[in-house]
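In what follows, a structure is listed as structure tokens, so that the remarks can point back to it.
So that you can tell them apart, the chains are marked A, B, C, D and E in the order they are listed, and the count of residues begins at 1 in each.
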């Protein structure tokens, strides 16, 4: 009898509801469902995972992402899902950018649950109209010009709630939008030279301008509140990933009238996509029941039904490229799927540093420290670039 | 034992002329009220917002006269709020907390009493060192002990069990309970124990018949201290318990950290208060014994 | 056979020696008082007899049996503490029963013992009260009751009266004396109040700094204190001590005091304590001074002094008068009717038959 | 000389005596074992890990002092360690001062004393996991006091410390004081009550004002209590974790990072167990800086009291 | 003019009345002792004089000025407490300076006052010590020093000696007496020790249950106690009280005690206190008993009793003997040499000239 216990951090509200659905489907497929949901700081989840591993009691399935999958894979404790993967033909349906993440050493050890787009910019039609901004800015230059107008109209240009991860989310979009190669070298490869380069200094300079357009109340403000500033017209723009859609839907707001979703500005004129994906890693189990459960859970997660239900709640899009999104998805989600395909086509798809999809946690942590310090102080772009490079070299 | 902390026979402000007396008392009460407002502010705000509608909060913020009052948040917090993967409100976690806190409190208090009794009345060579050593446990930061504990629990087969948490809280608590009890018992006159020994009573009989009956003040202190400490801990709960076996505080940790989902402030407020009720009640009813016992035990 | 015998007992706490060379013996039914200033080791000695303190060296025997290593419960003793040490959470009855219960005495026997002792001490009405509901005197009585129910070989008391106020102390003292007459148990009684020791004991052991100074009957200790310490400690007000020089008067032995201000005769036939001209210390108790017109026929060896009255302290039944003699002050006891006034100069006789002489170097009685 | 008592019963008594002396030690044994494991083994283990090659998972191979070097090269650790001293100093003195003021007020034979005392003491009963939210609401400029003042018509009212990187640490101090000052109050109050009331009478007759009586006579007389409270608060301060986690999460930026947060983050979030352990050892060092002098003082005081009776 | 005058003073704590109708007056330089059993309200009265307790009704005047509502600091008093209440964190010098500093006395003046008082009390070597480094007697002295530097109108003492041991108490008592002679300040001195009251005071106020029982000179109180309470309280051992009936003997007035066991003459010419056959209470102090061969010529009105010896308590200078008289016990004072042995039957005389008679109904002196 298949059993599982999923360790995850979707502890409250709609997240919890989505996971509850997974449980139902797992149970319906004949499994015994258990979950350990740990709220708050990711450190809590990781602490729990480490404690369990140290205690010789690794959990069967854990919500983990990006490079962490590789790190845990390297410990040799993960399960091998190749058989299920072949049977389910995952190789061909999963977005290609996710494949190196899910099989870091060549074998499948994890399954993706969704694809989040990080580089969304949410704009307020009301505010733009009030400030006389006709079109949503597509490049950073246009963005700067638009902001001048917004500020002149007495509104806040950029709605923001400052935490290390929201600051980094915004910076992800800026670096990516200004120089996609720099993004790859600095944030995907973790190359200190690239971080020290003039390009990064320019990016920080642009970031400084963006930060200056934020209102002083932003430190520690929950992002929902910041988003509300945008939707009610107090602020013009808001940088946030597509998980915002869940909240927007819940508040009954409509795309087009209450808000507009576009990709964050890019200076190189193409179609960009910064990707973030939640995934579940499986650890090898001695107990046959749990091993069987892992297979079942992996299959359940990969099933189009779950991918649909889960992502409709979360605002993201299915990790499978073959899911029909014509029904029950927000227009922005539909757009997300189209842009993803286009980005793959144009080879502009990247994974998100801010959301822990590229460099190891130690490097990402160091980068985020510099970014959030930069936002909350008057550090110069040069210093910021140097500090970040030093930190990356050290870790 | 004289109720030294609760009464004071001499009132220095009641000297001199009547006008002076009235003036100084008025000042005292004014200041007391001012401070009370500061201390009550957080709980007051939470309480207020737990009765408000969500849109109302969204419109006017947390500091506002509510437009309507509703019990819905409380109902939701109790029955349907999704927490730690279950959508049954905070009830299931309550039980976990009780199952964890009550035994851990009892066991650590019992050991504390015995240790305190030995370390104050049956001293032997080196017993002062034992005391100092046990007390050091008070100072270890919890973050540091997480991984060692994981080894211990793993080897003892107690991972993800309530018993594991009970073990942790008991061992951690020993330092405090031993400290409190020892410092309390050293105030019991030696003569009492000597008299009992001459009367032919041994170690256990003296403990049961003489020392225990004198212990209620310190038992109250250690029980309050331990219970609230254990109830309020979230770190061990998060790391060493799983799913619906988590204690309430660990389940509620979501409320303080930014989550990527819609916040129901009013339900959170209600849940927050509900989670705080047991320790609050304990302080409310045991507070005066706590203060009294603390001064007999903690400060020496 | 003696009930208690202590031989060469020594006690030290680490390097600190608190008792030295104690030799003591209590005969069957005797009442021994251990007296001395605070910290002299009385309680420690009592604790060792009870088995509450370990013995550093020497021997303690109870009824001939060596008890150095015997636990308190097996020594057949009972003890009354200064603080009474009543178990605060038990009623008086339970307090008294506790020892018997610990020893498994049948309940009926317990009851009858308690009834007997409660009657003896007149504490029947208190049996169901808690110690906190008793007055000081009642607590004292209950503490004694608890010791008495056990019917032990040896009674130990550690300053049982010092927590009572002056009046009650006098009353309880008399009660203890009566009680001892009645039950005739061997008793060791610690006190730092010399009046208690004098009135109660059949023999007194005076201790000082862990050393036994004198062990004798009360009157002997009072009249012939072995050394200056005992002389000063026993008696209130204290014995007056005056530096003196051996001399002679009318051919008989005498002492010269206060740089020749007066010469006081010693009883004829007293062997000269020292060679004439040698210093001695003269000890005179306040009651050794006699107003001239009150001199009794049997008081034959009288010295004569003149002194100024410094302070007059009437206590009602007698009046203490502090007299200035040159640079020295002495206290004399007067009948209230004879008391002089402050500032007067008076003439006073000294009953030298009772005087004590001490060696200034060794401080021992000559 | 023959024994007056028969040998068998004498020997039985001896055995019972011996058992009696060992009972206390046996009963103490479980606690002692637990403490040895908890205090000694756990600390040594952490110390070893701090010198090992551990990263993602504990690894016992010796790695030298590299984690300490990395730690002290890490700007964030400097912020955290500096904050520890800044926060520690302010939090402890603040709580002591506030606790003292409250204790003095309550000491004035007020009515319903138990009620007032409970009001000031209850924060001790509640975890910051629970009240952190409320404090955020209160301190957040857009939702809290600032907004309330503005709603009341004071448009220029500003109270935005929590989002000001230079002031945020004071918000943490404020909330910390809110929680701990009641505890200080309780102990100081009891201390004041244990002082001989005749001292107050004597000082009143000596013509001293109430302020002078407290400053010169009563508060100095309870110095040992202050010291005990100080030590308890200091170890609270050094172990501070959920207060900061709930209130600022260490932000804005890194402004309110403290060592306990750092340890947790490195050990668990970042998977740098070695460096986290090194940081934990530094916390213990900070504790030792506080505790060793206190222990020495306590011993010295006991010696002195013993010497003077 | 009197320094202190108290008029119809009353004090209650809520419903509990602890002082009633107190009228008291202290003349300039007088030494008044307030004496009474524990809880009788002595400290409360003293506190009211000091301004530390509010007045429920009545008036307190110091030097003629009504001070009911005056703060303690403005009453010009100084007080010495039972616990000494020395400021524990200040040195002796700082303790003494504190009051002057509070009042802004110039430093030079402070210094000279401290020097003067330290010399008076011989505490110069202690000036830089903390209270914890002083012995009990030294603390007591410093506490007095602190009161003395202030040079106030009125001195208040609350049982200043009761924390000292018996020996030291006697010494310090004498010192206080000397000191009062020297500085001659009006003093109110609370004690529950009647000997202290007797020896120190120029007048004694005996209190009982919040009511002033008698306010008179020591000898008057001792010899003519106003009622049975005062009679029993003053004097140790207490006055013996015997139920008696008014009778006549040889034509003179007399009382019959112990159901006719003995008839004791009253001084001739005493007006019969009550009609013959009426009950009275006879009060006899232990020193009113005289061994037959010691009778003095001035003792003319002697009764005669036979009694069994129950207890003999030698204190050294005198011996107390408890005698059984029918169902009653009485205590008599003997010279040690005259003391009988337990069990003997003795004959003893009673100096009836000093006897007191009380009304059994009102308990007042007849």
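Following the convention adopted for this analysis, a residue touches a chain if its C-beta (ideal position, glycine included) is under 8 Å from a C-beta of that chain, and two chains touch if they have at least 3 such contacts.
Given the structure is predicted, the values throughout are model-derived calculations rather than measurements.
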Remaining connected clusters, assuming chain E were absent and nothing shifted: one piece
Length of the shortest touching-chain route, chain A through to chain C: 2
Centroid comparison with chain C (C-alpha atoms), farthest chain: A
Contact pairs, highest-scoring chain pair: B-D
Approximate Å spacing (C-alpha centroids) for the pair chain B, chain D: 15
Distance from chain E to chain C - Cα centre to Cα centre, in angstrom: 26
Chain A and chain D: spacing of chain centres that average the CA atoms, whole Å: 39
Centre-of-Cα separation between chain E and chain B, whole angstrom: 55
Multi-partner residues of chain C (each touching 2 or more other chains): 71
Chain B, residues touching no fewer than two other chains: 10, 14-15, 146-147, 149, 202, 235, 252-253, 255-258
Multi-chain contact residues (two or more partners), chain D: 20, 58, 136, 142-143, 201, 204, 245, 249, 264, 267-268, 273
Chain-chain contacts as defined at top: A-B, A-D, B-C, B-D, B-E, C-D, C-E, D-E
Residues of chain E that touch chain D when the two form their complex: 47, 50-52, 71-73, 75, 77-79, 81-83, 85, 87-90, 98-99, 102-103, 132-133, 146, 150
Partner chain C, residues of chain B touching it in the complex: 189, 191-192, 194-202, 205, 209-210, 213-214
Chain A - residues contacting chain B, complex: 5, 7-8, 10-17, 19-20, 23, 34-41, 44, 47-48, 50-52, 54-57, 59, 163, 222-224, 228, 243, 246-247, 250
Complex contacts: residues of chain C adjacent to chain D: 39, 63-65, 69-71, 74
Of all residues in chain D, those that touch chain A in their complex: 56-58, 70, 73-76, 136, 140-143, 160, 162-165, 168, 245, 248-249, 251-255, 264-265, 267-273
